[in-house]
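So that you can tell them apart, the chains are marked A, B, C and D in the order they are listed, and the count of residues begins at 1 in each.
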Amino acid sequence: MALTKEQIAQRIAKEVKDGYYVNLGIGIPTLVANFVREDIDVDFQSENGVLGMGPFPFEGEEDPDLINAGKQTITTLPGASFFDSAMSFSMIRGKHVDLTILGAMEVSQNGDIANWKIPGKMVKGMGGAMDLVASAENIIVAMMHTNRAGESKLLKKCSLPLTGVNCVKKIVSNLAVIELVDNSFKLLERAPGVSVDEIREATEGNLIIEGEIPEMKL
Amino acid sequence: MALTKEQIAQRIAKEVKDGYYVNLGIGIPTLVANFVREDIDVDFQSENGVLGMGPFPFEGEEDPDLINAGKQTITTLPGASFFDSAMSFSMIRGKHVDLTILGAMEVSQNGDIANWKIPGKMVKGMGGAMDLVASAENIIVAMMHTNRAGESKLLKKCSLPLTGVNCVKKIVSNLAVIELVDNSFKLLERAPGVSVDEIREATEGNLIIEGEIPEMKL
Amino acid sequence: MINKTVSGVQEACQGVKDSMTFMLGGFGLSGIPENSIAELVRLNVMDVTCISNNAGVDDFGLGQLLQKRQIKKMISSYVGENAEFERQMLSGELDVELIPQGTLAQRCQAAQSGIPAFYTPAGYGTEVAEGKESREFHGKMHILEKAFEADFAFVKAWKGDAAGNLVFKGSARNFNPNMCGAAKITVAEVEELLPVGVLDPNQIHIPGIFVQRIFQGKNYEKRIEQLTVRKRS
Amino acid sequence: MINKTVSGVQEACQGVKDSMTFMLGGFGLSGIPENSIAELVRLNVMDVTCISNNAGVDDFGLGQLLQKRQIKKMISSYVGENAEFERQMLSGELDVELIPQGTLAQRCQAAQSGIPAFYTPAGYGTEVAEGKESREFHGKMHILEKAFEADFAFVKAWKGDAAGNLVFKGSARNFNPNMCGAAKITVAEVEELLPVGVLDPNQIHIPGIFVQRIFQGKNYEKRIEQLTVRKRS
């Protein structure tokens, strides 16, 4: 069965390693924090100027001066720090953040990503995404494998305006874990109960399938 | 009589206006702070990261963590702030400092200045001087009109490696106050008892003398 | 000590005119200069260009200027929370330049610092790079971005003093420090205007040299956009 | 919270090798990483390049490495207080690149920030501009300067915690914050290593993400170069 959004987040959480500084995008990526192992040390960076984000505040303890990049009220953990936007992007462009997890509307087989604009229709802006994808050495995309019409979002070439080129390293979708290599999507894992054929069907770009493809462990 | 170093500083202090942020170079410029009128508000910036410098500390109250750009122990005044070197030069390059006062080995009639190197002999470095002269809109040079051999230091063209081009606006020497205009040194004031001829004699570059030249008031 | 205090928001906004370019601090509704924005609405300055990470919500923050059609052009990184904004943009009434958030911050910082231009990898290969120079450094492509030019910067700090020194709180800091000194005139409104000498010189985020006018702000609403809480277990 | 604490200067300097490039904080002798410098002397690493605003005095600070001829090249803005330095430079034993102080700070900052290059007016028309691209912005000439590349940055802070967060004091701050995260590995020595959570998150000058190793420094001498005092009247 295809993964829920929570399960996508849960699977991505396994990619978060001890000692990582992690930037989480809005949407599914935000949920990743809930599933990271408790026995490792991980710091979450928010590009609006917070390092060491903690959980949401208890009711009545919310502070309008303390939000994350999704404008949600948050708390901080001991060892946290606040800083201005220029310094925040020094962390990002300067490759001090170890892992970036973000959503996508489309990804192409060469690692291009589109997630900020649908011409003439939806124009929310790129926020920090262009800085993140241009700078991060380690980018994981959390996304649905297909759109509501059932069309693949893993393409030979993106149709929407790009956010960054040649930058995505890994995708965790509701159907599969995929690595980007050799200008192709390489299938690493299947969602529990999802067949290789279903994934092939849902992937427009070139899909590499080598040997037995294991089911994900959540 | 030619001015003493203290008197040069005293004359320059008259150029310091209410509301100015001022950067003082090492040597004579440092002395300027002692002569600024007490009824105006002036803040001294030191490029090693201090705004709001005060007088030297009382004996026994010196702090090795609190020095000026000449490495002298200092104090700060109420409203002072400390900052890093990059921010310090943001103030300087960003034209937030209103007046820069510094020394020179040579100045040429087009406003070039040389004050950091004598090839093969003296190489101390430019420190912050190149940033200051390239950025400041208002630069006053404090200098001796001639060197120890009696040769002019106000030249048609500098012989020493330059610190900056086309940047000096005014010179206060031991002999005169001079403005740089029309690729020339324009004589504004004479040191008390110093004749126009003496100044002409001591100036290699093109000297403009218009009308009666008043004596400086100190 | 040079005194930057003005009597209030009206004196602070003197000189504001139609067709000017403004920088406004804040991320979402956090750390926005509420008093200055209200005054810009009251003054009814028209055809202004606003450099601000976001555009407020429909009825708060820059949304108030949008409602009155005072804004000719927005330079922002994310405008997703404002339906009126999206409508004006898609209909062509509003000119919008969307740029990467880090580039926005750095173009402010560059203006503050007298750095006319710098290279960044953000946006290479995208619409953002169109018409801009690109260049390879260390095997990676970068684009040349230029410092902003603006007439006024409006920022909001937590604490300040008459010297113009500023201290920010939490994530309300965001773009505010980067915009100080990045425009011809910087106006700072503060929640608490303290006597000079109270702030620790080691702990000042923005030295007063970057600020031309400072005043004690009033009636902060500090609206929360996305209230997210957890239950006590 | 990611723990950056190491046992002391020896562990902090692990991986230091001959021919590496180091950044060292400090202005004159103020805010220099005394413990790390002493360890570099003890380790006797040779042929190193040092990026540091000054070169210490004859027998203190970087002067100690100069005395032992460990330094192949210095990149500094001002070296006037060190006779041995001047001798080695004029005799050609030491390679010296003198650059404007603001450019030095900004090249550190650029390295920290992932900005590969930027334009500055400093040095245009001088020796410093030789071999560099120049370009006009707003009617004024600027030169293109590049981010530094270094193996280690050694910095000294006043207070710090296990997360690597740093707070500096007075003018001992200087280049130290700009060098954090500007090299492959940043080593911070602090006068006071505090438990995590003690430092106010609003008042941290350098967040721990820019620091790889932190340790409690020992026996700070904090030598004063120019003791200037006034008499009590």
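We take it that a residue touches a chain if its C-beta (ideal position, glycine included) is under 8 Å from a C-beta of that chain, and two chains touch if they have at least 3 such contacts.
Model, not experiment: these values are computed from the prediction.
Shared contact partners of subunit A and subunit C, listed by label, are D.
Contact tally for B-D versus B-C: the pair with more C-beta pairs in contact is B-D.
Once the centre of each chain is set as its mean CA position, subunit B and subunit D turn out to be 28 Å apart. The mean-CA centres of subunit A and subunit B are about 56 angstrom from one another, to the nearest whole unit. Mean C-alpha positions place subunit A and subunit D at a centre distance of 36 Å. Within subunit C, the positions touching two or more other chains are listed as 106, 109, 113-115, 120-121, 168-170, 201-202. Residues of subunit A in contact with at least two other chains: 82-83, 86, 89, 92-93, 135.
Across the assembly, chains come into contact as A-C, A-D, B-C, B-D, C-D. Subunit D makes touch with subunit B in their complex at residues 27-31, 53, 76-81, 86, 89-90, 96, 98-106, 108-109, 120-128, 158, 168-178, 205, 222-232.
Every residue of subunit C that touches subunit D in the complex is listed here, in rising order: 106, 110, 113-121, 137-138, 142, 146, 167-170, 201-203. On the side of subunit D, the complex with subunit A involves touching residues 1-3, 109, 111-115, 161-163, 165, 181, 196-197, 201-202, 204, 207-210. In the complex of the two chains, the subunit B residues touching subunit D come out as 46-50, 55-74, 82-86, 88-89, 92-93, 112, 116-117, 120-121, 123-131, 134-135, 161-166.
Residues 19-21, 41-43, 45, 51-52, 76-83, 86-87, 89-97, 135 of subunit A are the ones that touch subunit D when the two sit in their complex.
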